[in-house]
Amino acid sequence: MSHPYRFAEQASRFVSHAEQLAGEVLARHAAAVDRTPRFPEESVAALAQAGLLGLTVPAALGGLGQGPRAFAAVAEELARGCASTAMIFVMHTSATQAIASSKTLGDRDAILKAIAAGKHLSTLALSEKGSRSQFWAPVSKLAEAGDGFVTNAAKSWVTSANFADTYVASAQAPGAASPLESTIYLARTESDAVRPQPGFDGLGLRGNDSSPVSIEALAVAARDLVSEPGKGADTMLQVVLPWFAVGTAAMAHGLCRAAVDATAQHLQTTRFEHSGTGLRDLPTLRARLAQMFVRTEASRALLGRTFDEMEAGSELAPLFVLSARRDALESALAVTDLALKACGGAAFSRQTAVPIERLFRDARAGWVMAPTVDHLDDFIGKALTGLPLF
Amino acid sequence: MSHPYRFAEQASRFVSHAEQLAGEVLARHAAAVDRTPRFPEESVAALAQAGLLGLTVPAALGGLGQGPRAFAAVAEELARGCASTAMIFVMHTSATQAIASSKTLGDRDAILKAIAAGKHLSTLALSEKGSRSQFWAPVSKLAEAGDGFVTNAAKSWVTSANFADTYVASAQAPGAASPLESTIYLARTESDAVRPQPGFDGLGLRGNDSSPVSIEALAVAARDLVSEPGKGADTMLQVVLPWFAVGTAAMAHGLCRAAVDATAQHLQTTRFEHSGTGLRDLPTLRARLAQMFVRTEASRALLGRTFDEMEAGSELAPLFVLSARRDALESALAVTDLALKACGGAAFSRQTAVPIERLFRDARAGWVMAPTVDHLDDFIGKALTGLPLF
Amino acid sequence: MSHPYRFAEQASRFVSHAEQLAGEVLARHAAAVDRTPRFPEESVAALAQAGLLGLTVPAALGGLGQGPRAFAAVAEELARGCASTAMIFVMHTSATQAIASSKTLGDRDAILKAIAAGKHLSTLALSEKGSRSQFWAPVSKLAEAGDGFVTNAAKSWVTSANFADTYVASAQAPGAASPLESTIYLARTESDAVRPQPGFDGLGLRGNDSSPVSIEALAVAARDLVSEPGKGADTMLQVVLPWFAVGTAAMAHGLCRAAVDATAQHLQTTRFEHSGTGLRDLPTLRARLAQMFVRTEASRALLGRTFDEMEAGSELAPLFVLSARRDALESALAVTDLALKACGGAAFSRQTAVPIERLFRDARAGWVMAPTVDHLDDFIGKALTGLPLF
Amino acid sequence: MSHPYRFAEQASRFVSHAEQLAGEVLARHAAAVDRTPRFPEESVAALAQAGLLGLTVPAALGGLGQGPRAFAAVAEELARGCASTAMIFVMHTSATQAIASSKTLGDRDAILKAIAAGKHLSTLALSEKGSRSQFWAPVSKLAEAGDGFVTNAAKSWVTSANFADTYVASAQAPGAASPLESTIYLARTESDAVRPQPGFDGLGLRGNDSSPVSIEALAVAARDLVSEPGKGADTMLQVVLPWFAVGTAAMAHGLCRAAVDATAQHLQTTRFEHSGTGLRDLPTLRARLAQMFVRTEASRALLGRTFDEMEAGSELAPLFVLSARRDALESALAVTDLALKACGGAAFSRQTAVPIERLFRDARAGWVMAPTVDHLDDFIGKALTGLPLF
């Protein structure tokens, strides 16, 4: 059997390792992480120990030197065990890539080495209360102060807010004419100016510590800048967005695969006592499972195609990146919805061995995380009809 | 504005009372009831005190003497405040109607008087572990024992299991040739033979104490029978099913209405800080709200039509009863799904004033409760093509 | 069995007459009308002879004096036999109501008497090439000329263009500040200035002679005005829109009912030679039929509810009028799509007795006729969030 | 830009040639072919002349020696110009592959050489009136007669019935215990025993001459057998089904691409005269176009993945073949439906430059052609739950 993302042979052991950790570590804690909710500390520690936090860090800095294909395959495997852990991993890796792309960050290589060593967790802090889901348009501002800057912000939905060492954050550049003239900087959580608020309590992805963060009078030195001043949009759209998009698409696929597997297992093993037939003998249930499988594999294949476009440096690559995330998000909704309908009461309960209820909730988190499906549709539609994206 | 169920003028005050209790009592406890989860004791007590537990009990026995139209309107109002409470009310009223229809139950009138006085809570105990969602086909059996019977059963999903005074339960009649030859009897929870198991923990409707119940060596006297021996299917299909179906349809409509109201309110009041526009200025969000409203009102109207068919004694009435439940269940899924998509992060969180996340979960309970949408489709399809239902 | 539109007892004979004509006259010509395509002259003549062209004309002027309930029931019956004929009837009746509402039209009563006598066919000519589907915003203009006006227009999609005696047409009032300041006038097709262009050739509703019409230097006298100058929007939105909306909703329901009936018949009577089982034994096909029935009846019930709101003069009546059309249009798409999927090749062919292929095409005409589903969603969404409609 | 089917570099010129013919020849005749309807003789002649009828014939026999990837890419290009022609090509190539796989057919190589030379058109004749869409279960039978066999059959839906030189046909083997014990034979249309009936007149794919064929007392010699006696299911399931499935999937993708292109073009170029804005400025229309693009590319990518599985000889290859067809068929329905909704009246008419109306109808043919989506769902569902397919 081929793999839809067609990663290089040498990446196989990282993907296999991720699959093993997902089954042995992540899955064991997933229910409690969801229910409490709490941060999956054991699972993130296992990723760190396996070197997977440095999966995309260049080998020269101690990392595993992998690109988007292996990254996606790892994120997908992790999501099969615990989607909250996968989300933390995707946010961390997207932030890592922003850091790696920086020409201004003073301790860039030191951070990347620490990441590769499993000693540094990073994340993104882009969205804000005032701009809601339009993460590319911060309302917070960097004001000049001495050689550097100072800033205040009400960041919303920061994953790993209480556990990350650094946030890759955005603000309007000094004197910005529009929110699109932004700067990306690195906020270090050791600062008292960075204050995570009480954590998120919502429908799904409950364990990734997605919390609001209040930033008050934070000093940002010139060597803390990730992008050049006013060039934040480039970092967001050319670095963060592609990694985030393919990572979250892969996460969604992990949820889909877990739902397909659990549903197939449930239909195959459940029988009616009074008639001797089983759930798999019902054509309507088989059809739902079939639709789940087909939808899952089509979306995975689209992500595989997206890597081809990215590697070819095709001008259509951004369109495919957006499309892959769009399809994956909706597929995860559709597939877990079908799973709930195929498995009925057994899927609805938290007390059975079938984790569909959690998959169903976790899948819905993707829809509300920017760029949302509505944003993606709008960007794709603009690109196809010759309109500017912003 | 007309009411889609077109209940009699004199029922208005009961519906208004239900609306008032839903807003003032049920809604106040709903979040905690869902979260803990726990039985909504205050809310059920408020219904009892208002006389609503006896809504359909004949006036001659102290009840309010109402029929299906007012029952549905009340269930709908209750669901706007707390769907778990509405579910308890619907199960109780369906059981009450089964009791009222009995010609064999020794203390029928005494129980109905107690119900009317708010001193007796009843419920249904039809589904079983062995027959899964096919509630009309019990695998448990009544065995003859002296003048009466004795029975064992593993009942699943009994609403109000730890709080009801009686269960309207089913078993195969002695010597039944098929599970369809059943008998309905009244199980009194004061008996040690009736043992509710630890309660349900699932995706939605978390407060209605839907628990498995183990019945072990329960003595069932002839005067405990609700149906005549072997005539259980008549009671289930001609009494319980219609009341349960229209009640749960109305519950689903209450969830829809709450979602429409919350979404309209959210779109109308939420603004983007950086652009000065608001959510209601986005055509895709307006379209979702429109679709929610239209879907809700179409389904409510179908239930109204169903009452016309029932009152006319039309031979199509059963088809409309099944159709009304079918449409309401799917409408509740569709409408709350659109609400989640229209309101995004604000709906996804449990920490905002917008209760859409709970409505979304509660709505999904209907799908897994028999007769499920799959059952309903099958019954309706058989009826329309001249096939027997069983 | 009750009727979802609950028309008055005395209207029953008109509805029955329409049903009879649909089965005996309209259905006989429908395939040829669709295929050629050609205007259903025999069917319209039968309506005229039966007095149905005057269904809503006041009895004092020789009409049958019926309101929206009977009108909808008649339109629905006609659509079961031939949707093109039903469309002609709906356009004619909507135009008739505009005429009846006029305080300025010189020969209003004479025209209404001719209509009642079956000697006058009218229609609407609102949409224009320049404003596309936004029929409420004509780009043509009335220019003052002597005591009256003169106008040029490129009207698009005029039903019965070559057969109607009059068109109820729109243009911007002289000096209008916006296209919304319009005037409604009566164009008489006997004038050389009114020139229907070669007819429509499209996917569905092929027989209603929906043609572009070129109006060149048409003199419009003051006594030809249907609305007062600049008050056209009132006539369009308060008279034409409600009648058109409920009429087209009912047409859509007629298509749905025909599809349900044909599908039930096909499943019930078709068998596999090699296995001895029949199509109705396939659960997936039964489920589709069930969904078709439920969807049809929910939409019909919503239209019934809409009449209640209209009669009560409820401020929600316009919202329900838009909602009823919206739900009916989408139901007709969904129901005929399911019919095609349930009946397969037999429905796909034009050579079988199952007319589903034509129903499927005719149903799609509703979507492209203004106000389209997109318009309706937008209007409904604006109304629900407190925004002005225009 | 990469190609989703990833055919070999040397196949590029065949795909380019197909694209060129589609644009220059097929598209020119497509409207007339659909409308009349008539067989696209000019287009098929152009394919023959270009050598494309021998695309998959081994080079040693004069063919182009291509495999499934190039075949699919060619079929997709052809469908962009004329789906009827693409269907003829797919049926011909599937039949060609059955012939090429034969160890019993006397003049196998001569036929393949004639095919490569563009002088022989073949097709499939599997489905029958008695077995409806279950093409794998013929009710016709081969009876032994002398050294060979004789057979009668009522074949339905034979593409190119009046134009093909040979049909690859099925019948039950002599003494078959079930319809699954079939034999594949070659029927030569020069025989008087093979009588095509008057052609198909249906919703879509109107030009491929899909006609019933009456076979009466046809002598089938031993050297006319394509499969060994009783081994027909192997040929159907291991040779015909994969080629047919990927070919029809690719055809569906060609329709999708044509719809995406036409819709993008229409939105980009159409403006409202009265407001100065254009269709592409409407977010709901942009979103539909985006969904069309994403759906199309996901389905194409799944077909690309399927080729990987086929080439790897994976045991999952058959599952992916079924899945690719399933997804493509439904994508074509969804994408052309969205096109109709995005383009409105312009798409609905046959008189505009936008051919969406025809694409919409052609796409629906896939649903009714076996194996239908319902069959595919059932097969996939059985495979995933460990049930035998038949």
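Going in written order, the chains are labelled A, B, C and D, and every chain counts its residues from 1.
Convention: contacts are C-beta pairs under 8 Å (C-beta built on N, C-alpha and C of every residue); 3 or more make two chains touch, one makes a residue touch a chain.
This is a predicted model, so every value here is computed, not measured.
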Check your understanding: When you check each chain against chain A and chain B, which touch both of them?
Key -> C, D
Check your understanding: Between A-C and A-D, which chain pair is linked by more C-beta pairs in contact?
Key -> A-D
Check your understanding: What whole-number Å value describes the gap between the mean CA coordinates of chain A and chain C?
Key -> 50
Exercise for review: Report the inter-chain centroid distance for chain A and chain D in whole angstrom, where each centroid is the mean of the CA atoms.
Suggested key: 40
Practice item. Could you check chain B for residues that touch two or more other chains and list them? Key: 282-285, 287, 374, 377
Point to revise | Complex contacts: residues of chain C adjacent to chain D | key: 129-134, 137, 139, 156-157, 179, 200-204, 270, 272-274, 282, 284-285, 340-341, 344-345, 347-351, 357, 360-361, 364-365, 367-369, 372-374, 377
Revision key, fill the gap. Within their complex, chain A touches chain D through residues 1-2, 4, 6, 260, 264, 267-268, 280, 283, 285-291, 293-295, 297-302, 304-305, 308-309, 312, 314-316, 319-320, 323, 326-327, 374, 376-382, 384-387
Revision key, fill the gap. Within their complex, chain B touches chain D through residues 282-284, 287
